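Going in written order, the chains are labelled A, B, C and D, and every chain counts its residues from 1.
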Amino acid sequence: MSCYGENLRLNIFGQSHSPAIGMTLDGVPAGVRIDFDALQSFLDRRAPGRSELSTARKEDDIPEFISGLLDGVTCGTPITAIIRNKDARKEDYLEYKNLPRPGHADYTAAIKYGGYQDYSGGGAFSGRMTAPLCIAGGICIQLLEAQGIKVISRIYSIGDVYDTGELTDSLLHKNFPTVDDEQGLKMQQLIQNVKNSGDSVGGIIECAVLNLPAGLGGPLFDGMESRISAAAFGIPGVKGIDFGLGIDAAKAKGSENNDPYTVKDGRIVTETNNCGGILGGITNGMPLRFRLFMKPTPSIAKAQRSVDMVSIQEKEIKVSGRHDPCIVPRAVPCAEAAAAVAVYDALLGREKETRPKWI
Amino acid sequence: MSCYGENLRLNIFGQSHSPAIGMTLDGVPAGVRIDFDALQSFLDRRAPGRSELSTARKEDDIPEFISGLLDGVTCGTPITAIIRNKDARKEDYLEYKNLPRPGHADYTAAIKYGGYQDYSGGGAFSGRMTAPLCIAGGICIQLLEAQGIKVISRIYSIGDVYDTGELTDSLLHKNFPTVDDEQGLKMQQLIQNVKNSGDSVGGIIECAVLNLPAGLGGPLFDGMESRISAAAFGIPGVKGIDFGLGIDAAKAKGSENNDPYTVKDGRIVTETNNCGGILGGITNGMPLRFRLFMKPTPSIAKAQRSVDMVSIQEKEIKVSGRHDPCIVPRAVPCAEAAAAVAVYDALLGREKETRPKWI
Amino acid sequence: MSCYGENLRLNIFGQSHSPAIGMTLDGVPAGVRIDFDALQSFLDRRAPGRSELSTARKEDDIPEFISGLLDGVTCGTPITAIIRNKDARKEDYLEYKNLPRPGHADYTAAIKYGGYQDYSGGGAFSGRMTAPLCIAGGICIQLLEAQGIKVISRIYSIGDVYDTGELTDSLLHKNFPTVDDEQGLKMQQLIQNVKNSGDSVGGIIECAVLNLPAGLGGPLFDGMESRISAAAFGIPGVKGIDFGLGIDAAKAKGSENNDPYTVKDGRIVTETNNCGGILGGITNGMPLRFRLFMKPTPSIAKAQRSVDMVSIQEKEIKVSGRHDPCIVPRAVPCAEAAAAVAVYDALLGREKETRPKWI
Amino acid sequence: MSCYGENLRLNIFGQSHSPAIGMTLDGVPAGVRIDFDALQSFLDRRAPGRSELSTARKEDDIPEFISGLLDGVTCGTPITAIIRNKDARKEDYLEYKNLPRPGHADYTAAIKYGGYQDYSGGGAFSGRMTAPLCIAGGICIQLLEAQGIKVISRIYSIGDVYDTGELTDSLLHKNFPTVDDEQGLKMQQLIQNVKNSGDSVGGIIECAVLNLPAGLGGPLFDGMESRISAAAFGIPGVKGIDFGLGIDAAKAKGSENNDPYTVKDGRIVTETNNCGGILGGITNGMPLRFRLFMKPTPSIAKAQRSVDMVSIQEKEIKVSGRHDPCIVPRAVPCAEAAAAVAVYDALLGREKETRPKWI
């Protein structure tokens, strides 16, 4: 069962072509006014059909809040929002019911659900299911911002083109969020090229949570790495995650990787941030940094080899339908959403973990 | 709260120097005979003091099973096993109570627990807490093997020395599990060198689960990547994880990364395994493969900079105590344990998810 | 957070006057065809406005399934159904925002949610929230029936009028389900009388699950009593529950209360069923029987004493709005729903608990 | 799987005759000094062998804390305590392996665990398993008391002998806690009589939690009734529970049952407390009151009828071993423990539910 959170509880439901998709977020305190404009702006960053580099599928992706609010303010009970699926073209997918598209969940879903899976448009495995994640994430971002905490991210790489420089919060206002605009243009050119050649390409997203208090998370499975990765791998296409120096820490010496402590403005901080703001699974007050390694979109125009699941015969497949040549740009807000949900969940936990005043 | 599992439930308790450490594993079916010799052999691979490359701390690490068994056979109720902490030298750590060791959880635990943390030996953040994980994992490995499923792993790299070749199950019998023994010797030499220089080094573990049925896991947060990463990041020192082609998938094109389907012995398989045996969060019957990127041991003999948490004054710290110059070799069975717990949990889930015969 | 189930997961959302109410039921296996007519008939037993003894509020209570189905068959992903709130008259409740109705959750919700509660119609505390429970329960009833398991119930008493005889499954077809129709008429007369006098009355529901296999549930908190009571107290107005001889067992001797074993048709059964089909928290194959003790509807026409929460002044309150003089008749399907969800959840658990064949 | 708590997590492990029994309580804040003397006094109230009315089994029942404490103060990580089983006489039970004792879990455990159950002394179904519950409960009681909250209880009835008067906290110091000592003596006489006749008898425990803040719990399955009943039915022998007027509310009119609001010392209170301190599943600040209806001890000296599970032949059974003729007196602290765990869990939840100051 897919469910996220210990102090919050996030349930996402729907399929690519079901009447609606949506989410229920339980555990948000009462009395929080939702900024619907800000939320919609956040959702729009993920929505399809906004650029020529993304899928042609058009969806307004405007959520309807059916519970949990009173006059736009949380009333303490579960928040449920749904998005109607308007531009569903089931017929595009009928041919794939028995002919699994390589790199998609078609085959594995057919096995898991014994042939009863919703095969159209990837069903519950569609990238479209990140829209509800972004509703939840967008709400959590507002809750975090009310406390001064910011979630920012950038496109770290597309294929072999890498961004340069460091994450800053000016990135939130960019359509194609790279620090180095020149590299950003090269990335977009690369995406256009792979699209033209009927192919797709992967990339890396870097995400940071700033102004986070120290003390969130815990030992063992309670660690922030476990919490964030469990959320982030919920985004289709993510095949790797690392924190701080991360994969490069595996090549480093202790004397290089350890972050020395120092004092700044009377507070204990680390000079470097190789640990990505997490030690022993617990935030240390430095920026929490992680990267998501995303595979190339599995839907490509090129002919591929598949096997008919009924006849068990090999067969060529050409995937039509409407797809992104690179999922990374639209996945950026999804990464922020996953981070925000995980971090806000941990933040709520701190409230109850703190030693009560009365003892 | 640290707890793992949806169909199993694993709780780990204890601190490095508490009277005992241990685990409770609930959800194991009744009627399973535990092979204690095999379990002890598995635990011995993790135990300290076995080689000159590991910490000098000596612990027998022989678990006492205090519940859940009747004459060595599971009786269906929670299995609890404890290991007494014998060689605890609390005094080694008194000086670190207020002087956090860089790269350790000393500072973050102090913040989270408001100064009440068990500071000696890293408390609940000690690598020693992986012993209970290995008890649970060792039991799950036996449960998986009864079904023909194998968990294998190797040291993929130490620092910049990489193993070559592919994972095979002959690795289980090696003291220093690399496919390429020559590279293994170079790795050990590197560890000896960093030890001599008062430093430490990181590395990568590769782990695979073989003969796994297709259909385990699920969409979104129910995916095997979410499940395995949530377990694996419970191992202290893990800072990254990837599945299949993983971090390299971010550089690949769709036509390179997609695994074409083909037929082999009448069964649908993929020709390559870039997805690491997981599509849409669900196993596809190919080997489930992942890598753990581990940071260098934070305890190093070299002098480091820290800050006294009481006086907020910078202060040099020299970490004495007994430590591994490289945690990777002893973490190999921990990776297998995390994988086994996660996979067995998913396997149990399949039992209830399968469409009942009566419908 | 309100959530039910270990092997299923049921989330209910909505408020009495929010745009919609609904539920998400995760964990139902794929491949189950929902009988929508049977489900609607079940929901109609709970729906308001069907008799002159129930509230005058009119709602169609026809659920829209927005996810989890493909052509009316479960596809394995979460089932979400919503019911639009059509006949919402918020203005009826404005005066109660600060003047809590005795016996209702007005005061406690105001405290818990710090004044941000949805006060109209009881918000998330409304009896209307049992409609989503009945959707989930109606689905589980179908899943149980496919296996030969039946959930039946009756009105055991209204006020001091008690039914006679034993539960049979012919009750399912009665509008006012008592075994003894004469007593049923007396009960209805009593309800009419209290209605006429501007009052309300409580009662008892008896519920049984027949043909249940032995072996469901478990020790301690895993017991069927814990599971069923946790679900049943989710129904507003339930203030007590007992199993089998239940409250009368507290007066009995062991020699009277113990159910002797005997053999019937080659199977081990008990001669009596004082335990209500549960021993040690586990079903024994006899009918699982429990009773719900329901308080009188708190909304009564008579003047009552309350206190204005702003001025902290005592004030008389007359509750208008539309209400049932006795909630018991409409709560009967809710009791069945709670039982069905709890039992089906336990039944799914058995699938994974059973000793695997391969060991 | 048996596990309790949303904000705490309580796992109980062990069997009547396993090497040890114990519990892990996760989620207790760091910095709490455990009063071991007070805890032991609490445990002694439950321990066997203290009076001639209880079982002759002698156990010291002194818990060893093996984790979660540093010098007697909680350090924030899971608290695990174990009690060694010293006076285990497995041989007493061998004859019952295949011959289920009426009223016990022998038959149901055999079915659930496929014959692999720990049959001696009731295994995990033994009343002995309430000792770990009382460790957890005793800790929670101290945590509650630090906040001024008291858990008190009394023997409400034994068989048909009822206590009189109202609960007061002087009861905590009585060996046989009734308000009316004369009735208490009659109860003890009754227990002695049933013991002499080789029989046993049931009874009722009343429990109250005083000085509880309003606002704990929530709608639907989050209600205090669901939470407390899920905990309380974990005590073997409990067959019913009610809150406030409870079972008698089912006979009442709304005008009798509703608790009118009034003002006392500037605070809003109810004049009566028929709701038992809970409205809409949420505490209202009045004493939280519930009663547990306990069946007579199933172990009686009289001959009973059973069936051999192997031969499926009827057979007379005489239960020897050591047993309480009435479990109620020793169950009193268990009721307090269940209440304390449930209430403290809800109290921790309030910390995170409260609207954050920063919004």
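Here is the rule we use: a contact is a pair of C-beta atoms (placed from the backbone, for glycine too) under 8 Å apart; a residue touches a chain by one contact, two chains touch by 3 or more.
Not measured: the values here are computed from a predicted model.
*Asks:* Starting at subunit B, how many touching-chain steps does it take at least to reach subunit D?
*Replies:* Shortest path length, in steps: 1.
*Asks:* Just grab the chain with the largest centre-to-centre distance to subunit C, centres being mean Cα coordinates.
*Replies:* Following the centroid criterion, the farthest chain would be B.
*Asks:* Quick check: how many Å separate the C-alpha centres of subunit A and subunit B?
*Replies:* 25
*Asks:* So, what's the distance in Å between the C-alpha centres of subunit C and subunit A?
*Replies:* The separation of the two C-alpha centroids amounts to 38 Å.
*Asks:* Suppose each chain is reduced to the average of its Cα coordinates; what separation in Å results between subunit B and subunit C?
*Replies:* That gives a centre separation of 45 Å.
*Asks:* Residues of subunit A that touch two or more other chains: which are they?
*Replies:* Each of 1-3, 12, 27, 30-31, 76-77, 109, 112, 114, 116, 123-124, 219, 353-355 in subunit A touches at least two other chains.
*Asks:* For the complex, give me every residue of subunit C touching subunit D.
*Replies:* 1-4, 6, 12, 100, 102-105, 107-109, 111-112, 114, 116, 122-125, 129, 133, 157, 159-160, 194, 199-204, 214-223, 225-227, 229-231, 233-234, 236, 238-247, 249-263, 266, 268, 270-271, 275-276, 278-285, 293-300, 302, 304-307, 309, 312-314, 353-355
*Asks:* Would you pull the subunit C residues touching subunit A in the complex into a rising list?
*Replies:* Going through subunit C, the ones touching subunit A are 1-3, 9, 11-15, 18-22, 24, 26-27, 30-31, 64-70, 73-80, 82, 109, 112-118, 123-124.
*Asks:* Applying the document's contact rule, which stretches of subunit A touch subunit D when the two form their complex?
*Replies:* That would be residues 7, 27, 29-32, 76-77, 143, 146-148, 219, 348-349, 351-356, 358-359 of subunit A.
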